[in-house]
Amino acid sequence: MPSAKTAILLIDCPDRKGLVAAIINFLVERYDVNILNADQHQDVELGLFFMRVEFATDAPNFDEPAFRAAFEPIAREFRMNWRIEFADAPQNVALFVSQYLHCLADLLLRHQAGEFRANLALVVSNHEDARPLAEFHGIPFHYLPVTPATKPEVEAAQLALLAENKIDLIILARYMQVLSPSFVDAYPRRIINVHHSFLPAFTGARPYHAAFARGVKLIGATSHYVTEVLDEGPIIEQDVARISQNDQLPSLIQKGRDLERMVLSRAVQWHLDHRVLTYANKTVIFA
Amino acid sequence: MPSAKTAILLIDCPDRKGLVAAIINFLVERYDVNILNADQHQDVELGLFFMRVEFATDAPNFDEPAFRAAFEPIAREFRMNWRIEFADAPQNVALFVSQYLHCLADLLLRHQAGEFRANLALVVSNHEDARPLAEFHGIPFHYLPVTPATKPEVEAAQLALLAENKIDLIILARYMQVLSPSFVDAYPRRIINVHHSFLPAFTGARPYHAAFARGVKLIGATSHYVTEVLDEGPIIEQDVARISQNDQLPSLIQKGRDLERMVLSRAVQWHLDHRVLTYANKTVIFA
Amino acid sequence: MPSAKTAILLIDCPDRKGLVAAIINFLVERYDVNILNADQHQDVELGLFFMRVEFATDAPNFDEPAFRAAFEPIAREFRMNWRIEFADAPQNVALFVSQYLHCLADLLLRHQAGEFRANLALVVSNHEDARPLAEFHGIPFHYLPVTPATKPEVEAAQLALLAENKIDLIILARYMQVLSPSFVDAYPRRIINVHHSFLPAFTGARPYHAAFARGVKLIGATSHYVTEVLDEGPIIEQDVARISQNDQLPSLIQKGRDLERMVLSRAVQWHLDHRVLTYANKTVIFA
Amino acid sequence: MPSAKTAILLIDCPDRKGLVAAIINFLVERYDVNILNADQHQDVELGLFFMRVEFATDAPNFDEPAFRAAFEPIAREFRMNWRIEFADAPQNVALFVSQYLHCLADLLLRHQAGEFRANLALVVSNHEDARPLAEFHGIPFHYLPVTPATKPEVEAAQLALLAENKIDLIILARYMQVLSPSFVDAYPRRIINVHHSFLPAFTGARPYHAAFARGVKLIGATSHYVTEVLDEGPIIEQDVARISQNDQLPSLIQKGRDLERMVLSRAVQWHLDHRVLTYANKTVIFA
């Protein structure tokens, strides 16, 4: 059925009787879709309901505006936040990186292996280190050095690049610059960062050093959406690795690199597959 | 809403368009239920569909036979295997144990902490070791020693006890006797065993010794439904722990005990919550 | 060789050439011991050296005071902190507990299974809940309720009990009272607590609630020595478990219980086996 | 002290009193070395002793043949298998790969990040796929296609290449050809393979398919030394990842790739750091 289009409907709203039925009925009776996957979740404490429905439609030309118009009354009735995404529309991704290249290299290899449904459109860096790697993978590389004085104009240039390339998602693959609130506001829930600690422990700079000093027995890494408050955005994924006294700082940092690659790549894949919903500064992962 | 009844509908059938809608519509239109949770899964390779729907009904007296009769035509149309379970009906559980008591003790403590919706009806053992523990927890203890010669009559006595106590689930908490095929047949998918290895590695006797001899770097434990073929039933849960050369056999066995307790208790909880479906000698866990 | 005595020598000091040789030579030439295990560790950043030597001596009556006197000059020369312990001397342990009994129950079962070389001398609680469990295991139970007003006199009574029973180690198995600095001072590095978070995240009260609110993807538990600053003592062991949006608070707390039991029991075993050295508010685990 | 040489002495022999002292005394008294690290291990069941001593010597020209001659009598007396290695001598490594490039790419990146003390001398492949990656990293690439008929001559060519490059270690980074016994014999304990299952489960071809069919709840990967019997050599490292019913074969294989990279890279690092001893088809890892 080459004409079929796979769509993903993502909903959050107050929990209420009849919700699931209303949604399913709308899809099946109005649009005769084939539901491929329907996943839901309740936050019992907050009385919230979350749903992800993946469906295919036989209609050769699925009419998105018509769908939106038809769904709007139901959405209003149940006070939904909702969006519809399409699996066959590869998203444009910008990769921001500084001098540590392990996360970038990992994402490029995964993309090459077909793990991401995305168009890696450009690499932006405040250093030249990543250029050979980007070019080996055939991705345009933009060198935009930053100083405190030039930061506003550099961000303006970055935003222009992002707009020009119709970027949907920005990945901070160990980009060691804090983005300004206005930059962050331009891409809400569309900037993913990796922080090299098990948040909320060890926020801020040099978390591995802090972890080493505190004598923790596990180190961690966290991928999260960037919000205006540093290291405080909704957590998408976390993982940890065991360390021992044999791990002095260098080996601790080495083990941490593997964690960073894992938690960042999982977050990216879930985001690209439209499996992440955010609410109350948390995420629901429909994985 | 004290009159509401929470029911769980479990379905597996060939995957087909319209399935989800048909099920949801039946529940909502015929029975005006409140769907609390609907979870589904496809086995793409085998073309199979699995669903678990948890719902509450306002009707003061949910009529189970009427429900079954009404659902049967849909079930037939979609060639479903299906069952309906009720959350408020605590299941009767029999615990079989020999001389290693850690799994039994763990299950008893979890039950005391309210982790299981079950009635622990009796402890059966071929040794006296578990008696004090069972009696401390106020659970009738039945000492039924087994020899090769007496095995048939002992199994008959066990089956009589199980029938008398209307047992729904048998847990082999390190019960070191192989059950006969006819015994197993009497409780299909209702006997859970824990095997102290990461199956399918190290089937049979003394798996820790075999793991030690092979020099593996992780040891494991597996909980599974018992079928006629030893250690070959559908796996419900597995876990592993890292070992090193510092772990000689005794410490390896000690670490293994923790694994056994974890994988057995998770399997028991999922089974009691009606979260396990079996097919093709595998399980789907709606957790 | 029934007269042999197994001793454990624990040393920390500035790292210096000749250290290992000096220690080994002392043991072998002066005491003709059989070194069973010699484990060492350096903190490169701080320039510190740590060693644990386990040895057996043929001498029918190992003379501890003579050993101490003979070793003292070497210890002085290398500016060592050191101690000698004997494996055959079971330590007296006091268990403090409030109303959550899962850690206590777990420790009692492990003791019964032979995992701890210790004499569980008494259970102290500010509630009556643990009495049946303690008595089932044949351990004296002391009910000492605490109010803010009575806390000083209760602590005095507790200290009297501890002294009377020659207690070597106090385990706070979810004891929900903060000990006073003077109490803590009386048992330096000899009080082990379990905190139900991945420290340093979520210190203080209700860490599971805080973890749930922050939306972390892993929950943790930490066992540590108690110092004057709450939740800030040297970490002995930590572990984590994955949670998802399906884990509302109750299931998160249930998963946490398993973590608490694991990290507490490991800390207790390592402490009892004299495998823990502390320095700079950290621990070295010779495991 | 730029003239100092760091050496690693690796020993296995029957356990016997006086061993540690004899070794330490030899090093300290004869060679005035600074012991940096001394790690030991006993296999109690087999009565074996293993030791790894890392030491630096002040002597500007450490005389290896003289050391060997001097140590030989002690080695003979205690019936030691032993070897001495030097940390500053980077080993020559050959990477064998077929068409799956994730392990190769991972090793190259780690090498670039400074994780391996090695000279990656050449990449050998029976396909052309890896050429661009090898060349990007500046490593000579040798395309040597294999058919059943040409296998003997190809292996001869490979052996010639290895000899010519003075290769110390061969890494099979998903090289999908079985090496002949004579090839394996030429590099005993110097060929590391990664097998994509938790050995001894799922030996042979298509282990992910077998794991999927059996319905395991964790998948694994294993790095091991290659011996004449396929998948039966001493295990160096293993790891596992949790899967669920949501993981159909493709995502299971994707998760497996991360495991393969982790277990292979750890094995390579330990081997290159002279931290692996083998005995009884097992490994001791001094990590």
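Note that the chains are named A, B, C and D in the order they appear, and that numbering of residues resets to 1 at the start of each chain.
Please note the rule applied: contacts are C-beta pairs under 8 Å (C-beta built on N, C-alpha and C of every residue); 3 or more make two chains touch, one makes a residue touch a chain.
All of these numbers come straight from a predicted model, not from anything done at the bench.
Enquirer: Using the touch definition from the top, list the chains contacting both chain C and chain D.
Expert: Both-contact set = A, B.
Enquirer: What angle of turn lays chain A on top of chain C when you fit their CA atoms, given in steps of 5 degrees?
Expert: Superposing the C-alpha atoms of chain A on chain C needs a rotation of 180 degrees.
Enquirer: Does A-B or B-D have the larger number of C-beta pairs in contact?
Expert: By the number of C-beta pairs in contact, the winner is B-D.
Enquirer: Roughly how many whole angstrom separate the Cα centroids of chain B and chain D?
Expert: Chain centres of chain B and chain D, defined by C-alpha means, are spaced 42 Å apart.
Enquirer: When the C-alpha atoms of chain A and chain B are each averaged to a single point, how far apart are the two points in Å?
Expert: One centre to the other, that is 37 Å.
Enquirer: Quick check on chain B: which residues sit in contact with 2+ other chains?
Expert: Counting only residues that touch two or more other chains, chain B contributes 246.
Enquirer: For a test of understanding, state which residues of chain D touch chain C in their complex under the given definition.
Expert: Contact set of chain D toward chain C: 17-21, 24-25, 27-28, 34-40, 42, 242.
Enquirer: For chain A, which residues are in contact with chain D within the complex?
Expert: 102, 105-106, 109, 113, 115, 132, 136, 246, 254, 257-258, 262, 287
Enquirer: For the complex, which residues does chain A have touching chain C?
Expert: 41, 43-45, 50, 198-202, 214-218, 220, 234-240, 244-246, 248-249, 280-285
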